[in-house]
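Just passing along the structure, written as structure tokens.
Chain IDs A, B, C, D and E follow the sequence of writing; residue 1 opens each chain.
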Amino acid sequence: MKLKVGIYWGAACGGCDVAILDTHEKLLDIAAKMDIYLWPIALDFKYDDVKKMEDGYLDAAIYSGAIRNSENEEIAILLRKKSKVMIALGACAHLGGIPGLANFYTRDEMLKRIYIDSESTINEEGVIPLESWNVKEGELDLPRFYNTVKTLDQVVDVEYYIPGCPPVPLQIYSALSLIWDDMLPPVGSVIGAGDKALCESCPRVKEEKTISEFKRIQQVLPDPEKCFLEQGLVCLGAATRSGCGARCIKSGVPCRGCYGPLDDVPDLGIKMLSAIASVLEPKEEKEIDDVLDTIVDPLRTFHRFSMPASILRRKKE
Amino acid sequence: MKRIEIDPITRLEGHGKITIFLNDEGDVENAFLQIPELRGFEKFVEGLPIEEVSRVVPRICGV
Amino acid sequence: MPERVGVYICHCGSNIAGKIDIEKLAGFAEKLDNVALVRDYKFMCSDPGQNLIQSDLEAGLIDRVVVASCSPLMHENTFRKVCERSGVNPYLFTMTNIREQCSWVHIDEASSTEKAMDLLAASVRRAVYLEPLEKREVAINPRTLVIGGGIAGIQAALDLAEAGKEVVLVEREPSIGGHMAKFDKTFPTLDCAACILTPRMVQIGQHANIHLMSYAEVEEINGYVGNFNIKVRQKARYVDADLCNGCGMCWEKCPGTRVPRKGNVHEKLSLGPTSSIYMPFMQAIPAIPVIDRESCLYFQKGKCRICEQVCERNAINYDMEDSFEEFEVGNIIIATGFQPFDPSVIKRYGYGTLPNVLTSVEFEIMNCASGSTGGKILKADGTEPKSIGIVHCVGSRDKHYHEYCSRVCCMYALKFAHLIKEKTDAEVYNFYIDLRCFGKGYEEFYDRLLGEDVRFIRGKVGEISRWVAEEDEKDQLIVRVEDTLVGAVRRIPLDMVVLCTALEKQDGLDRVAKMCSVSVGKDGFIIEKHPKLGPVSTATDGVFIVGVAQSPKDIPDTVAQASAASSAVLSMITREKIEIEAATAEIIEEKCSGCRICNNLCPYLAINFDEEKKVSIINEALCKGCGTCVAACPSNAITAKHFNDKQIFAEIEGLLSAR
Amino acid sequence: MKYTYYPGCSVKATANLYQESIDAISPILGLELEELEDWNCCGATAYMSVKELMSFAISARNLALAEPFHRDVVTPCSACYLVLNKTNQYFTEYPDLRKKLGQALEAGGLSYSGNIRVRHILDVLFNDVGPEKISSLVKKRLDGLRVAPYYGCQIVRPEMGFDDPDDPQSMDRLIESLGATSVEYPLKTKCCGASLMGTEEDLALRLCCELLTGAESAGAHCIVTLCPLCQMNLDVYQSKVNRLCRMKHNIPVLYITQLIGIALGLPSKDLGLDKLAVKLTKPVKEILQGA
Amino acid sequence: MEFEPKLVGFLCNWCSYTGADLAGTARISYAPNLRAIRVMCSGRIDPTFIIKALYEGADGVLIAGCHPGDCHYQEGNYKALRRYKLLKRILPEYGVEPERVHLEWVAASEGEKFAKVVNEFTDKIKKLGPLNMKQSIFDSMKEDIVVHESAGEEKGGEADEA
């Protein structure tokens, strides 16, 4: 009997949905095993169709994208009610992803910059989007633009996470196959990824690390063989779960942590901060400062994809 | 005044909702396309090191 | 079944109860999760107090213990023993410090009680996550390695061998004896150095328990206390030790020479034969010659081979190669001795450019009866000097070179003065800053010298030059020194000057230190465990330091340290096993990605990398449990036993969100 | 090889013989010494010990004037070398001094950033020209001439920079390159009293006496030096030394540049030899003529 | 009622914890705001602990270790210093005043100094005022809560355990 599945996206870019499509011929296996009852990017199902289902009707809901506005949360709650298993797909749902970088700002700061101050906008009256607005014919409403980006598991209970930005298509397939093969691991675990850090599968040679200066990728022609961190290039690979096949590193740029932290690591960014600080070369306070001056935008680099999932989640207002 | 809502509009990148108002004769009185989606790249890309911008902005649209 | 925590609150007479509302605290504790029972008592550390815990444990009412009383540094062990007695793992217990860091230091009762509550809540939450730990024990290999065969190494080796323990003594030079073998007399008793040293050297040579490896160097040391594996390189002597009987034909006939052929007396100074195949000195142990490649005509030009022809026992073998030997030892004693400071860097003293300027070691050799001058004190041209200057503190107590005092120079300078007065009728000048005659009989020896009309000039010598004024000063050295007691700059012509050079760390000591994973201080000597209370042991268990390897000192102190180190080793050996710190760090292989961030964080070199499995591994015996690597591991793959993340997170939550 | 030449006051006055000999040998050795325009007196060590900051300021002015040429500043006089070199070093090492000197220079519309080098002419002769080149140009070898190399005490402090301050050898090599023998002279860096000759004459005379006695007992025919003040004290005051110390010294004291000039075969009047107070003695003349 | 800051201290067993005990045996009184957690070495302190403490409600965090060169494990305090320096740089980006986290070297014999450090740190945080990080996160998400039609309970608003 085919599994009944719903796929939805919150504050997302559609990359995860494309990743599902990128399973190429495997898509046929997925289609053979699953009936899709909601997939806005690809199929014409409406929210009402889902609302009409009785609770738990769907075997699994695959939610990608972060919780950025009230609609994202409503549909998440709706899908939670309508499905037995909730899967967070991709870094946005799992960690907050790139949209999570908004947690360094407040709602008003964002709206002012986008609708009023942005150079290409002419908006003398300073109109910003409203949640409800009356027109002659009736009342129109829009979802509320939240002050803080949340991850999926901060609004609903989530059984499984498929990390990555985007998740590797093959990993999505292997994760989904766990469902129909009924081999799902304990609830709450991350599937479709490794349980060691990226360094394990990184092609570069790793030796003892002592860093006396950090450099920016465009300032240097890195040695293709040697570990990035040893060459003074900030790379979050050591604190990031493997599973992506080190695709960024293989294309010559250091890892930015999109596959999220390892199991018992509550905060990827602060953990990486601890690791990097420990291997600095100088012992004197002044020299340490000189080295730290060479790290550009440390906090947002360490939390490129995982700000909403970090312990402090956002900048204090 | 009768109201038809197509929510969400599908098979495209991004979110949207169409609200159509019909008058008593059943003809279309007015129609609105509403885009609820906003993530704020315009703000949070500010101050990023330039080499990181090229790794952040592709997440505007992944299709 | 969730953990059941027993909370025991101590009044400590009025020390705690006088400030903290015990009842309120107990009431609060009862309401905490996982707390099975709460008791309070006047003196928890007393026997009745301890029995409270023991009976609850034996009755199986609880399986975690929290004692809110004084500092863990005070009674942690006491209560751990209570758990052991009650058949419960001692690490399932934790303490709350509500005395030294609470009742004794805060004035207001209410805030003290609130603080006690927070601290207790933290301990209870921590207790839930405590895990049993086994105190690991490691066997101690009874054999000991002694590096260095000077008086320090000889004394330590003999103490251990006499106690029936096996010793491997590794000496870099062809013979043991170190610098002491180059002395004629020793201060303050003027004993003949050879007379008191040679018997012990012979003992070393003959002792069944001592495996002597001379002309050998330690190549590699791995492992940890009780289980070091050592690799030693035996340098090729080109003489077969088993065949040679030390008859001496070879060095008599050998045409090669290790000293400049046309050199003056000082350049030709040597104790043993100066030939290319030589024995360092006549009483050498082992009494086997060695070929010096640089000056040997066969090795340099491919001809000669006379020593091979004259040797009746055909013990000469030019094709000998360095060989290696490996063995296991339980402890290591580093007794590498010192290296004299090279005074040529002080150009104003003219060592190496002016004749008749000698270092103290050279002067010692000249005084030896078995030396090339037969013990006579001679100038470079072979005539007897009429006046000799002895300059103290050359390279010592000097910010440009070594700031420390080398402790021995003043006394051997006085000895030199005496020897000069005894052997010649030369005038003797001692140029000193402070005369440090601190030891037993040292001051008396100095008084005696004053009686032998040695001239003591208090001042640092500014310059030794050939700035002669009159004709008769022609081949003399002119010493210019500020005599601080007289307050004038004096100009003293002398026939000869002896420079009392500083005692420096032995060449190669930093390599030995690295192999034994001990660290060296800024002056290059090995850092002792504690300057006052642990001078012969180091931060690394099983590695001991003796003599100048720790810092400059004279023979009596060195011998005392040698016996101290050997007694410490004997106590380790008789214990047969040693408890290894239980709360060490451990790498969970399934989580380690091989990122190697932790590899160079460990001062004890306890972390190394397994190339095949591509994971890092902690050598539990070397790990001291500081936790530095745990905090740095980006995958949280390293856990710190008894201080793991869950326990500390629980304490944080307990402190802040319990009330 | 082009340099910015800082002559200093002495060679323009009492030590003009030094300047004449330099002018004579420079073209032959390929040295282009372009005099620094509008240079001012460096104050020598006397002023440095009285008003250090002022002394630094006036010598910094010279450095500021020389910097635009981006060439080494060369001076024949040891006192000028000491003051200018010390100013240059302290300027780079001590930020607060740099700030004060910066203000001082600004008042004169000047600025200095500290990236030119100050060198003594001995350094140029030894390191840039070199003993081999000089000996190849020698016309009259000075075989048999025994020379006492007297460096003086100011060239070696606070930082000689191009030779060993305790035991300098560069002038000895130059002397040997001319064929002469440089005797072993332990007093080579002892002080001649310098400006003390004006204030504490007896002390300076006694110091010079020791220098002359040392040279004589080392069997030297003449003393060669590279500092106008040392030369004057030993040469001009030699008679006074004899009177005070009841000695009969008669040792000519030449500049190294004069000795080189002689060896290059230049006429003695071009080298200012006539201006020496102690005339060349018979043995020295014979060697010079005979060669 | 005057604001009494809640402070968490991470004290290294060999130097600062012993120094704190010494302040006790010498009966030197000081402010009661600091609650200490004992670790074997300041090198054991993971910056995650400090962020966790700030999140759970600490108004200030003190890190205390041995003076450089005195560390019982030779180099643990150097790593603590490096992590502290980098952590202080990113606190402002969290909107947290860097003065709220402070590192101090306290030897086993410096009971007096420990008391002075705690008093000064307490006053400094008193002037800065409360941090209550968890509350401010919750406030900033107050309007972000969607009321469930069914149970009406507010899910997703309160900041649950990470």
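Methods note: a residue touches a chain if its C-beta (ideal position, glycine included) is under 8 Å from a C-beta of that chain, and two chains touch if they have at least 3 such contacts.
The shown structure was predicted, so the numbers you read here are calculated from the model rather than taken from an experiment.
Steps from chain A to chain D, taking the shortest chain of touch contacts, total 2. With steps allowed only between chains in touch, the distance from chain B over to chain D comes to 3. Looking at which of C-D and A-C shares more C-beta pairs in contact, the answer is the pair A-C.
Set against the C-alpha centre of chain D, every other chain centre is closer than that of B. Distance from each chain's C-alpha mean to the overall C-alpha mean is smallest for C.
Measuring from the averaged C-alpha position of chain B to that of chain E gives a distance of 44 Å.
Rounded to whole angstrom, the centroid-to-centroid distance between chain D and chain E, based on C-alpha atoms, equals 67 Å. In terms of their C-alpha centroids, the spacing between chain A and chain B amounts to 20 Å.
Taking each chain's centre as the mean of its C-alpha atoms, chain A lies 30 Å from chain E.
The set of chain D residues touching two or more other chains is empty. Shared interface positions of chain C, i.e. residues touching 2 or more other chains, are given as 601, 628, 631-632, 645, 649.
Contacts with at least two other chains are made by no residue of chain B.
Contacting chain pairs in the structure are A-B, A-C, A-E, C-D, C-E.
Taken together, the chain A residues at the contact with chain E in this complex read 67, 70, 73-74, 77, 81, 104, 106, 144, 146-148, 150, 154-156, 266-267, 270-271, 273-274, 276-278, 280, 283, 285, 288-289, 292, 295, 298-300, 302, 309-317.
Within the complex, the chain B residues that touch chain A are 1, 3, 6-8, 10-15, 19, 21, 29-30, 32, 34, 36-40, 42-44, 46-52, 55-56, 58-63. Residue ranges of chain C in contact with chain D, taken from their complex: 347-348, 353, 465-469, 471, 478. Only residues 11-18, 40-48, 68-69, 71, 97-99, 101-102, 104-105, 109-110, 113-114, 118, 129, 135-138, 140, 142-143, 145, 165-166, 216-218, 253, 256, 296-297, 300-301, 304 of chain A touch chain B when the two sit together in their complex. Taken in their complex, chain A has these residues touching chain C: 195-200, 206-210, 229, 237-239, 242, 262-266, 271-272, 274-275, 278-279.
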